[in-house]
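Read through the structures below before going on.
The same chain A turns up in both complexes below, where it pairs with chain B and then with chain C.
Moving on to the complex of A and B:
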């Protein structure tokens, strides 16, 4: 469904680009994009949005795209307050956010990671919950070595933490963490350096690092392998959409940006950020 | 102020330039304090200072704001780092000043300066990949108060060594000559004459170093585990005030953001108190 919509939209984009390109040669009918576009929100999406913005600026020299971070919450608040034309929201819109419209530009999956030295290769959702609640504190209780589990959790406010706690129906204050980390890289380094650690990070990043030889492995969830492919096709459940959010029906520069961000032209940029393109 | 009989124009111009620069420096500090207080005010006025002191946990999104565990962790980690670095630093300075031959002393001094130049993030990376796994073998999870203290100690060791050596150098040569004439041994002169004379300056250097330790963020964030709790052993993971800000600021909004500014305000006040103590301890602070 989403794919079809995206396909339709990208087709629309191509048409639009063709029209714009055509029109650019005849300045009297339609000028290239100009003015300033402010985009704020989730720091997960900000680097991608910024790269997309740069590429759009290349073909539209009079356009200025300003991307600022501050979390999904800020994206929603700024769009509502009119401080930003587009908000970056790294989750589905909530029930009290129906006044906004979301356009998905990519997906991001969160995977549970262990050190490759850990013999455990499967954990059920219940076991993961019990580990994070401190009810299971030794790997031997889930078929591993006799060693204490180092629970790696994310700092409060991170959207990965949000996704993780929502999926497992956990409250952050109930989690018994041994280490609290900031970004994905720190999580990967912590698990790579500790044989008995369990953590969760963005799948794109983890898959890349693991291919580069970092000693971490991704655990399957509900029998589905944690891979970029399964995030794209929607079978991996611990995943989230990366959305561009607007208040009114997009038009002008805003519409052009959204169309461009959903087009095939930026697919390489999405992959560079270890996200999963929709097409 | 020095009174001159015929104040000339250039002198007056210099006076104005200097006072303007001094006022700017002082004004900047004041502005930063005002900014911190202003950003922290929304949550201080609604939640109240007592929550920040009394709440047992830190979950600003769930309405608990206890800063005490992090304040304790900051102080404990810096104190431990000083405990490790001060004896080493002072010993190093004594060795370089009084015992080492020229080239050896130069080599040591060079090493210390080099150590001072290592960026904190590099020390943090070293801590995370080398020190933490070592500690993890002793007691899981490895990221701990101890790891943080050791990394901090490495970071402040050069400050202590260099300020101490400068302080020892400024001890008048005549004391040394006099003590030698009285027949005191080298060891007796160092312990009974040189060190007591330089005591205040050394203390000021140590206090400066502890201010740096309190303010250090990146390396501490990487190796100390960042779990908000009162440390009960060296092996407990802890979160310092600085790490708290760095970890959460990028994603914080509203009350959460304001409460991080409270943690910044608390830290600034702590460091100001230390600086005041360093001034009171009297010795002219030698900047190395």
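Moving on to the complex of A and C:
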């Protein structure tokens, strides 16, 4: 009893010490941030970045963080042109983007989805490639019903498309798509509304929609279930980082935002947007 | 064969029953088409009412969006939308009216100027809105340095609705009988007074119709606004701030935010209600203008 109390007391002292130490350090960084910060880029990250921005604004009333959307390519272009201080890029930086520095704030898995009405429950990587190349055009060839396959692909410039084509070593121009879509929810809605469709979307949102009763199901890849848990522990390989990118070494407001976005303070926001927080 | 004389078309078919059936077929097609149109409209409205009504209450209208718009309200979005609309109308209406007056009152009918302006207007009216969005982004946001702002969005929309406003105002002015112009001239009324005091009040219903078409197009716009007025869902402090329009909000909630559908329906209902309110106000204004029309006094 007494030992426990002593332990509790020392714990409290430690915490108090830690807090005082932290407070002592504060003045250098705690000066309220001010000014305007423009962030543009991937539509996938934009809602998360907005929410992170709002939370940072709460403690810094003079700070304005404006988040604009338009795709990863736009994020890269705007940061290079100086139109935005930070770009949102939902993939790894490419070889010709070494002039930029990326800071990962979360991860996102991409999973293959089918309509729940489709009896097919497993597809090998080769079968998926053949479906997207148009070599397999009917579900009966992969153990399903006798029905034509509706191939749902993402539009050019979307990071999910890059991730998908890189993973399966496909060239976008070779893909025989029946439907080309833009944002993530559009992919989910297209497959939910078409019994014979196949598409690929963000795993977190697909899990959520599926729990809400949307008629879609996620397929495993190489025997690994497409789940947020497997993206977190790294066993699911079709995954991507969600990055903040900057041109020069971050300082001032930019640095504060990046630090805040990578901190534990925003972990709940990351989860709320169905992404996977960093360890 | 009086039938064949009366209805030459039925002569070859040879009998009255064929004529009867053909008539019936056409009539039922016309009825079916109109029923279909009404049905689609009611379905759409019913769907939005059914799913949106439970979301919309006073709290929804006065609170700010939370969790990327999944919860909370749409107050800043309504304010931004109205501000964008005000900028667009304040620019497009006077410009449009002046151009329409030039086309119908000053320029020689059928001349090169009228045909040139007319052709460019018709081409502009057919340009997809995303093109206006890219133009607005390059011209207003970047070149003029206005950035992502309500002003950029409003000016882009003004460019987009100008053709509609000009064309309807022009045809409204043209419909005023020439006797009025001649009468005014005979009384020694100057041309500018004729336009301001006689022609514009007389053409008011057409002007308002053009305005309503313009507002309708502007309120429904997503593509032209996402790159100009932007994505920020905070309450704007001035027209130089970025502000999210209601159609951009609906688009984002349905296409980009998982679990955003209920609030998207609520926002759609608010959008329709806003349109009805604004259109009724415009109609009321038109009726007031009509009351002041010279023909009645």
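The rule is short, and it goes like this: the second predicted complex is superposed on the first by the 249 of 279 C-alpha atoms of A that agree within 3 Å, B and C clash if a C-alpha of one lies under 4 Å from a C-alpha of the other, contacts with A are read in each partner's own complex, and residues count from 1 in each chain.
Note that in this section a contact is a pair of C-beta atoms (placed from the backbone, for glycine too) under 8 Å apart; a residue touches a chain by one contact, two chains touch by 3 or more.
Remember, predicted model here, so these are calculated numbers, not experimental data.
Undergrad: Should chain B and chain C be called a clash or a fit once both complexes are overlaid on chain A?
TA: After superposition on chain A, chain B vs chain C: clash.
Undergrad: Using the touch definition from the top, say if A:51 reaches chain B (first), chain C (second), both or neither.
TA: After superposition on chain A, A:51 lies in contact with chain C alone.
Undergrad: So, A:150: does it touch chain B (first), chain C (second), both, or neither?
TA: In the superposition, A:150 contacts chain B only.
Undergrad: Based on the superposed arrangement, let me know which partner A:43 touches: chain B (first), chain C (second), both, or neither?
TA: The answer is both, since A:43 touches chain B and chain C.
Undergrad: Please indicate which partner A:83 is in contact with in the superposed arrangement: first for chain B, second for chain C, both, or neither.
TA: Only chain C; A:83 stays clear of chain B.
Undergrad: Looking at the overlay, what does A:186 touch: chain B (first), chain C (second), both, or neither?
TA: both
Undergrad: If we overlay the two complexes on their shared chain A, which of chain B and chain C does A:159 touch? Say first, second, both or neither.
TA: In the superposed model, A:159 contacts chain B only, not chain C.
Undergrad: Just to be sure I read the superposition right, which of the two partners does A:197 touch: chain B = first, chain C = second, or both, or neither?
TA: The answer is first: A:197 touches chain B but not chain C.
Undergrad: Would you sort A:67 into first (chain B), second (chain C), both or neither based on which partner it touches?
TA: Only chain C; A:67 stays clear of chain B.
Undergrad: Which partner chains sit in contact with A:212 here, chain B, chain C, both or neither? Use first/second/both/neither.
TA: second
Undergrad: Going by the contact definition given at the top, which residues of chain A touch chain B in one complex and chain C in the other?
TA: After superposing on chain A, chain A residues 43, 69-70, 182, 186, 189 contact both chain B and chain C.
Undergrad: Show which residues of chain C lie in contact with chain A when the two form their complex.
TA: 67-69, 142, 147-148, 226-227, 230-234, 242, 252, 254-260
Undergrad: Chain A touches which residues of chain B in the complex?
TA: 57-62, 64, 128-129, 132-133, 136, 140-143, 221-222, 225-228, 237, 239, 246-248, 250-254, 256
Undergrad: Please name which positions on chain A make contact with chain C in the complex.
TA: My answer: residues 38, 43-44, 46-48, 50-51, 54, 64, 66-70, 83, 182-186, 188-189, 202, 204-205, 208-209, 212, 272-274.
Undergrad: Spell out the residues on chain A that touch chain B in their complex, using ranges where they run on.
TA: That would be residues 43, 69-71, 73-74, 77, 147-148, 150, 155-159, 171-173, 177-182, 186, 189-190, 193-194, 196-197 of chain A.
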